[in-house]
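We just call them A, B and C in the order they show up, numbering each chain from 1.
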Amino acid sequence: MSYALTEEQQLIQQSAREFTREYIEPIATEMDRTGIHPSAVVQQMAEHDFLGLYLPEEFGGTEAGYLSYVLIIEEISRMSGAVASILINHASLAAYTMYRFGSAVQKQECLPALCSGEKLAAFALTEPGAAPGVGSHKVIATKEGDHYVLNGHKCYVANGGVADIYVVFALTNPEAGAKGMSAFIVDAKAAGLSIQRTIGKMGLRGCQSAELIFENVMVPQSNLLGAAGAGMKIVKEAQLVASVAEGAQVVGIAQAAMEDAVKYGKQRVQFGRPIAAFPAIQTMLAEMATHIHIARLAVYDAASLIEKGEDFMKEAAMVKLFTGRIGQSALIDVIQIEGGYGYSQEMIASRFYRDIKGAVITESSAAFPEKVIADDLLA
Amino acid sequence: MSGIWIYSEDSMIAKELLTVGLALKVSMGKSVGVITLASEEQDAFIAAGADKVCILKGQNPWPESYAGAVADFLSKEQASVLLVGGTLRGKDLAAKVAAILKTGLVTDALTVGYVNNGIETTRLIYGGLAIRTEAVSLPAFVTVPPRTYTEAPAMAGRQGEIFTVEVDNTASGVSVSNVCPIIREGADISTASRVIGVGRGFSKKEDLAMAEKLAQAIGAEIGCTRGIAEDSHWLPSERYIGISGQKVKAELYLAAGISGQVQHVVGVRDSKIIVAIDTNEKAPIFAAADYGIVGDLYEVLPLLAEAIEKK
Amino acid sequence: MPRILVCYKWVLDEQDIKINPGDLSLDSSKAKYKISDYDKNAIEEAMLLVESKEGSVDALTFGSDKVKQSLKDVLSRGPGKVDWIGDTAFEQADAFVTANVLAAAIRKNGSYDLILCGEGSSDSYSQQVAPRLAAILSIPAITFVQKISIDGSRIIATRKLGDCTEVVEVAGPAVLSVLPEINKPRIPSLKQVMAAAKKPSQEVKLADLQLGAEELQPKTITLSVKGYVMNRKNILYKEANQADNVAKLVASLAQEGMC
């Protein structure tokens, strides 16, 4: 790895590695089995300043930069994609949205609690059965005096049911469809907001997904995030920012899986030789190592652009496009190399396989990567 | 320079060191003496092969306070070699004596020999991963872990010189109190002939009952990894086996749910037979084991206890 | 308000060292450096002592030219300042030389109420430096400590010595070596990592310590280092049916005369 990380970034990476070994490794397998939200780990992440690490100090953050943040996501993902998802939904989707589009008052009110870990945040976008704002359960926000009243369903809300604050997307102008969508900050305790059910998943188990029901939820107008109707723009930027972190998640999972396959390949003997000596295995390993390396460089590069405040949309979309392709193929090869061993339920490779699938299919309704890249090229 | 000297606050270990000292006596052609705080053992040391016994007599019973006196004595004697019993007290004293006399010291030597007019030792480094061979110019000090050698046998009719040196070992400003023996539950695992080691493969403390049941069936003591003792506190720290914990030299060591980091393995690898049970076929413990079962200890341990009870 | 100094060693992470199967030589080309594990306990203990008592913690290290990489790492763990000696003399240094160098740096740079070390280093683990340091500085040593308290200028420490514990009380300054069980070192938070960059570090040149050639001449010379090989039978029973595995194991143990 020749990408020049600063001494601080290397130390942050080391801290995250120690953290992962200490707090996540002991619970990762069990969490995958039960699917229960690891609140103790989240508390530890808060105490180690992971939750607001790239946000400015004035809001209680650590100002360590977005690259440091993705380094942490990568390290955590080497052990647990689920814990990484909890952090991404909190920090990249919800907290980022508030930081970028919130008013001065909103930022002062919300962000310190999100940085300190007093509150966990979630990003409520997807709706049952359709893209946001078009299905039959769409969430509609009706203006009544100095309040909006929200009604409808959200599903697959990561951190749903365990979050204290939601960034909720709702139609303030239903006639305009998705273009009439706005973002709101909604307290989890708001009257009328309830959890319909939690959703069992094949992977990323422990990052709880829930279906939320809004029944006449009163939200003060002061909780409108950004301008009315700015929802799509907000979603697009937040998803692209998050896709860089998700890229780091894919890189972390794939790297750990590859290392597992290498270890296995050196030990498993067939026809009198370790299987790693066979060209077919070597080809698979070489290809995945190359993909992971290139993906990592792309992730670090896009994260640096975000950190420097430069335009990052195209590079973030490229991360999404590329990691989406290489992540799963790497895991397919890992399972192939490890054979029945890797396919066994209790083995780490099978968990990585399920987790990486989850990491690459996260919604991108507003930010199809091909479209973002093509738009940039043709502009 | 003259003389090979042995020191240990523990007379049994001093007799073990006489075994090494007598071998060095042959190769170096020098006399062997024992420095002791225990006058009642003087004749036993002579019988076990010591040519001289020096009894240090001070007012302060704290063994560590004799470092200055040992240094003075060795300096006067122009000792070539000092062998120290590698207890923690012994290592503390040896390092202080070496600093005072500006000599080289090798701690925890596995072997000690006389080569090329100097002392050559081997010891483990990197947590037991490797062995380092070192040459120490004379005078050379070495500590040897307890039970590395057997005690030198007593021979009838041996003669030797016994003398007492009065020393001032009052350590000003240092007071020692509350000396409490560590109460061990069960036998000492470092001398037990059978030991079962438990590790992170156990998901909760209550489950250790399975290991205890097997221990009963085979007559073993329970030891554990550092994590179990010092992170989870499921067992007292005297039960922790490893580089900085207990060393097990058992006839049979059975590792249950232990991945086998080198720091743990170094504490058990002098055992005669090593058995490992772990779910992960690639766990390094299997490389350190004679026999292994790849499987869940929750399934294997009860079956094993039952099978052995039936026998 | 104790002034505490912690000594630490920057060592290769033994987990990354491989043994070459042919000649049993060690391959440390992929090994990273780390603060010796036991020294992390010493650093943590120093921080716990000043957190409850106020006071200050400085760090001191002697290493090769690589030791510079350790500065922010150690500072992120709490100490307010670090003095470091990076010199090629370290490559051959034994405990005799190391203790001489550290003692000279301590004499030159400051007075401390308490000097803390780990009980040994995670590479050599010779457990000599703390007692040697005390002897050179002519101050008391309390080794293998599992508990420390400070009462004015008195230092009260509980030692654990295999078969017994004892309480040793001394008037400071003193050198203490701590056992790993004394505490659990915290993983630095990111705010601590970021703050480390702003803390001072000072290079101490070996030449400025006025040590004689004799004091820098190691007494022990490494002749060879070889990987430790285990000759074990490595018979693995891995059928799906555990009853079969157990039966085979019991048969093997019976053959060995173990049951």
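FYI, contacts are C-beta pairs under 8 Å (C-beta built on N, C-alpha and C of every residue); 3 or more make two chains touch, one makes a residue touch a chain.
For each chain, UniProt lists the protein as follows: A = Butyryl-CoA dehydrogenase; B = Electron transfer flavoprotein alpha subunit; C = Electron transfer flavoprotein small subunit.
What you are looking at is a predicted structure, and each value in this text was computed from that prediction instead of being measured.
Distance between Cα centroids is largest for the pairing of chain C with A.
Geometrically, the chain at the heart of the complex, using CA-atom means, is C. The chain pair with the larger count of C-beta pairs in contact, out of A-C and A-B, is A-C. As a whole-number value, the distance joining the C-alpha centres of chain B and chain C reads 20 Å. Averaged C-alpha coordinates give centres for chain A (Butyryl-CoA dehydrogenase) and chain C that are 39 Å from one another. Computed centre separation for the pair chain A (Butyryl-CoA dehydrogenase)/chain B is 52 angstrom, with centres defined by C-alpha atoms. Residue positions 281 of chain B are each in touch with at least two other chains.
Within the complex formed with chain C, the residues of chain A (Butyryl-CoA dehydrogenase) that make contact are 7-8, 11-12, 14-15, 18-19, 22, 47-50, 53, 62-64, 68. Contact residues on chain C toward chain A (Butyryl-CoA dehydrogenase) in their complex (touch as defined above): 69, 72-73, 76, 187-191, 193-194, 196-197.
The residues of chain B lying in touch with chain C in their complex are 64, 67, 87-89, 91-93, 95-96, 98-100, 102-108, 120, 124-137, 140, 171, 173-182, 218, 226, 229-231, 237, 243-244, 251-252, 261-262, 265, 269, 273-275, 281, 286-296, 299-300, 303-304, 307-308, 311. Looking at the complex, you find that chain A (Butyryl-CoA dehydrogenase) touches chain B at residues 26, 30, 263-264, 267, 341, 346. Taken together, the chain B residues at the contact with chain A (Butyryl-CoA dehydrogenase) in this complex read 200, 203, 279, 281-282.
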